[in-house]
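My questions all concern the structure below.
Naming follows writing order (A, B, C and D), and every chain is counted from residue 1.
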Amino acid sequence: MRKEDKDQTDYQEMDYMDAWVRHYRSFTAEGQCATYIPALEKADPTQLGICVIGPDGTVIKSGDWEATFTMQSISKVLSFIAACLHRGIPYVLERVDLEPTGDPFNSIIRLEMHKPGKPFNPMINAGAITVSSLLPGESPQKKLESLCILIEKMVGKRPTINEEVFRSEWQTAHRNRALAYYLKETGFLELEVDQALEVYLKQCSIEVNTEDIALIGLILAHDGYHPIRKEQIFPKRVARLTKSLMLTCGMYNASGKFAAFIGLPAKSGVSGGVMTSVPPRVRTEEIPFKDGCGIGIYGPSIDEYGNSVAGVMLLKHIANSWDLSIF
Amino acid sequence: MRKEDKDQTDYQEMDYMDAWVRHYRSFTAEGQCATYIPALEKADPTQLGICVIGPDGTVIKSGDWEATFTMQSISKVLSFIAACLHRGIPYVLERVDLEPTGDPFNSIIRLEMHKPGKPFNPMINAGAITVSSLLPGESPQKKLESLCILIEKMVGKRPTINEEVFRSEWQTAHRNRALAYYLKETGFLELEVDQALEVYLKQCSIEVNTEDIALIGLILAHDGYHPIRKEQIFPKRVARLTKSLMLTCGMYNASGKFAAFIGLPAKSGVSGGVMTSVPPRVRTEEIPFKDGCGIGIYGPSIDEYGNSVAGVMLLKHIANSWDLSIF
Amino acid sequence: MRKEDKDQTDYQEMDYMDAWVRHYRSFTAEGQCATYIPALEKADPTQLGICVIGPDGTVIKSGDWEATFTMQSISKVLSFIAACLHRGIPYVLERVDLEPTGDPFNSIIRLEMHKPGKPFNPMINAGAITVSSLLPGESPQKKLESLCILIEKMVGKRPTINEEVFRSEWQTAHRNRALAYYLKETGFLELEVDQALEVYLKQCSIEVNTEDIALIGLILAHDGYHPIRKEQIFPKRVARLTKSLMLTCGMYNASGKFAAFIGLPAKSGVSGGVMTSVPPRVRTEEIPFKDGCGIGIYGPSIDEYGNSVAGVMLLKHIANSWDLSIF
Amino acid sequence: MRKEDKDQTDYQEMDYMDAWVRHYRSFTAEGQCATYIPALEKADPTQLGICVIGPDGTVIKSGDWEATFTMQSISKVLSFIAACLHRGIPYVLERVDLEPTGDPFNSIIRLEMHKPGKPFNPMINAGAITVSSLLPGESPQKKLESLCILIEKMVGKRPTINEEVFRSEWQTAHRNRALAYYLKETGFLELEVDQALEVYLKQCSIEVNTEDIALIGLILAHDGYHPIRKEQIFPKRVARLTKSLMLTCGMYNASGKFAAFIGLPAKSGVSGGVMTSVPPRVRTEEIPFKDGCGIGIYGPSIDEYGNSVAGVMLLKHIANSWDLSIF
């Protein structure tokens, strides 16, 4: 565990983070790396890392915080923000609803049962593919460019796309193609299927580490304002909408349980990342990060829902210890 | 609008609340009173009332705040709290999950599709009937008694059950009976069907006014602590769980949109009540009720989702004006 | 094997029927008796019996042909005929459709998915309960009386109701109650739920043996005409409708496979009975029962679909040997 | 109406066929031509034609019997026969079931609800695309060639593919692509999606007239034997299987009603064709075509289920007049 920038952080605090990571790392054995994307299967399932960033620049890092991984579903949050920024919220919400579903992330059933088949939210694949198609620009390249510009503004460096992961996903994306063609038929997908999938699967293949997603979580916590660079990256109303979506739909089919026991807006990906946003909160006790923070976690061993096994346990421990819940 | 107890409330504030209620009352015409329960159909659709209570006892009341109505689905929150109090959270969660569904409140489909048919959450009827059956006591009377005791502790008076509404619901509860028999078959309902329905439909028929539900909302906002009576009514962990459920599932199939645009834990009933809990929040601007509050609204004209048409509009206006969102 | 009434039947034929029954009896081990109705679980799973009756009175009997069993779902055919007789076909078809579903016999999903929730056919429970409620007479007793009169006309003796089986089913009929209350809510069930279930579950508890159902199958084969008593019991158009329903929906979720490989209108029950109707057919070869026949089979060990394991195998063997298919 | 080949047909009979066609033509106004395939929309909705062929070569033709149309879903019958011929029945049935569904022909729901997602029958699109992929040959051309050879053997001329219709379908086949990618993911589709769709959509675009499909219906009626060319085209067991499928699933979601009121194996297409197979039957009265026949009908104005409006009415009239039912 490294302590940076600030002296006031209690050293005992840093020590216990290392202890926590050590403790929860042993639970990585309860899950396994995602197998349906060949490139993800190669990850080291015993890895577990965390980065917490406060608005004053306080940073706590521990374990495999530097490991690089692809965003996967975490990217759904970024493309939703970018689409709202460029198209306006009403335009986006005409094409995707905001309701949680209780269905698997790749389900088609609800599209068929509920005419006219508008995707229920931007965090399930049907909604995320629709949202990716709304990014500005004519070509997939232009659309990805606009997404990368947004990310660069937040994390301070140009993100790279892992081409191997993209190709691996592209070749096995039968279910996503099924969803996209279904959306094409019902008229909710205006872009060509291949183009929409190229954008979607490439955004899933954007590489980050825990520090990057902690920073994005922090900016969301501060309603689109970058407290370190002191710049409003996106409007408060987009940030609020996004955090509500993360809370109700961000952790796949465990979103309700996550909201109940952790109580924070978060988004996970099958690669093992969890991006969490902790808004400032009123507490009478002395607890860390009262002014909010962003938390990035990486642990590629995932549970039956698709969430990092040890990552969620570690986050629950921290949320309870520091009383982070928004409720 | 009446201003009570405290002198420091800005009189302009009280005036604008009256103006808001007047304004949104005109939108009651966009909905209609619930028709599937004969006794509810008799309500005056033009009514709209509100009560806001702060932890220091500040109260703002306007419109038809004194009107009496039956809790209907709002009671699901109370029976969930009571069941958790008496059985413990793990016992309750073995019999009902915490996931939002996107299905209508009275849907059976998911019980059949997802073996073994555990109800997805306590805010849909299948889950609420299960929870009611878990209230302590052998007989329906005893179970209702334990619920009434909890409510009395919070609102300071013994609640009454509207027998006419109960009988009306009892006679037309075919769909709820279908759900209960389904739960009986799958083993999630341990009580006899008729007994479980008696408890459930009687709790739905408990009479309240906006002040009562504002007070309950306030206690939830303060994690189970009654800030006026200065007493912990139920544990913080039960309060947190309950507020997360209200946020993800409390406003029927508009819960996601409500979380996105209002951002508060709330529970509505088809009788037109909306109980909202506003936790304390960190804000730099001078805004009312920074230490949180409870908001009770009544407006029996409901929309397609089952939520008070004008009530939700009024609440959205207040939430935006006072920046009440938890996100 | 006993040969009755007629001399012209080849004795070798009788011998091979005994051999077939002996052979297929060993396959009863591949299934088990229905467990969800306590009274059915007591049956002897090794039993297998058959009765074939031709229009000239030729009868072939073998194995446990004399064993008594309750009709269960086979009764759905009889109540459909009785309802059509007394109400007219159009009246009945306004309340139940004629389409196969592919769903389990006790499914609710389709009632909810397809508004307004008209049961898809009279062979699934939702449709059968609706049909039972349409039998003539005000009380359950009167309705059952009209059904028993029809059966008596066909089999020549007054049927008895097994009260022990009825009580056993009545107490465990949670799923059927769920279906009935659902139908009550959607308006397709006009009778009170308890009354409709009493009729339905009592008709399921009517006792028969293989000779009885063979006779009913024979009368259906001859379009409602009793070739032995030489009397038209019900109109040809009712018989045709009924046989088409048996073919498309009579063997639970194996109806399609049964039609494909056996090709005969048949109805099974979870008690292990299979009632089959073999219409006259044009064949150039010398084969038995060219003028059609009825086949009754009993074998209480049932497969995953609810059909008699050994009974279906035996029937397939006979259908292929005697080229009985209607196609 | 033209009478060919045989003298013994009653001339009055020919006259009434013309009268029937005239009568039912007026009902074409109750439907409309399929709109989802642009090329089909151009058809003349007032057309109605019929051809009946008996095993002795008797032919009755009336109305627009000579009009050319694309087979559309009728081709599902032919590719099923061809796949069974070349792969054997067990191989085909490992990849597609034989159960009717009650779902729309292009539904995905059941594939997702029922793991592992095996298509329920070869008459819905999911099953038909799977079956087309099983035709012998490596390339789409080879697979279509084997299908065309089978058809040529039956109708005596090489069928042509309407390239305009094929291109039109290819460009709008989003839903079929969604189905095919879904099948690809679950492993039931072994061929590449584009290749399977090329075969499937080209077979749908094969041109026929009522005489062609009447002939195929006749051969099916005679269990695969061509009574005019006196040649066994395919085995009896394949014919029986095919006819049972047509009866249980051949007329889209009206298959059950068609079986009940017409009682014949038939397959319709959205282009307005209906291919019917009438097996020989035992009747005491003097009625036409006792030795069976094939009936081809064309009427491009279709009903809500996708079946020729006037065609089904005409067929019902004939089936009742001539007592054609297999039951």
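The criterion applied here is as follows: a residue touches a chain if its C-beta (ideal position, glycine included) is under 8 Å from a C-beta of that chain, and two chains touch if they have at least 3 such contacts.
Which chain is which protein? Per UniProt: A, B, C, D = Glutaminase.
Values in this document were obtained by computation on a predicted structure and should not be read as measured data.
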item: Shared interface partners, meaning chains that touch chain C and chain D; value: none
item: Reference chain D; chain at largest CA-centroid distance; value: B
item: Chain B and chain C, separation of their C-alpha mean positions in angstrom; value: 50
item: Interchain centroid distance [CA atoms averaged], chain A/chain C, Å; value: 57
item: Contacts with 2+ other chains: residues of chain A; value: 113
item: Contact pairs between chains, per stated definition; value: A-B, A-D, B-C, C-D
item: Residue numbers on chain C that touch chain D, as the complex places them; value: 97-103, 110, 120-121, 239-241, 243-245, 247-249, 253-257, 259-261, 263, 265, 279-282, 290-291, 325-327
item: Chain D - residues contacting chain A, complex; value: 107-109, 112-113, 174-175, 177-182, 184-185, 193
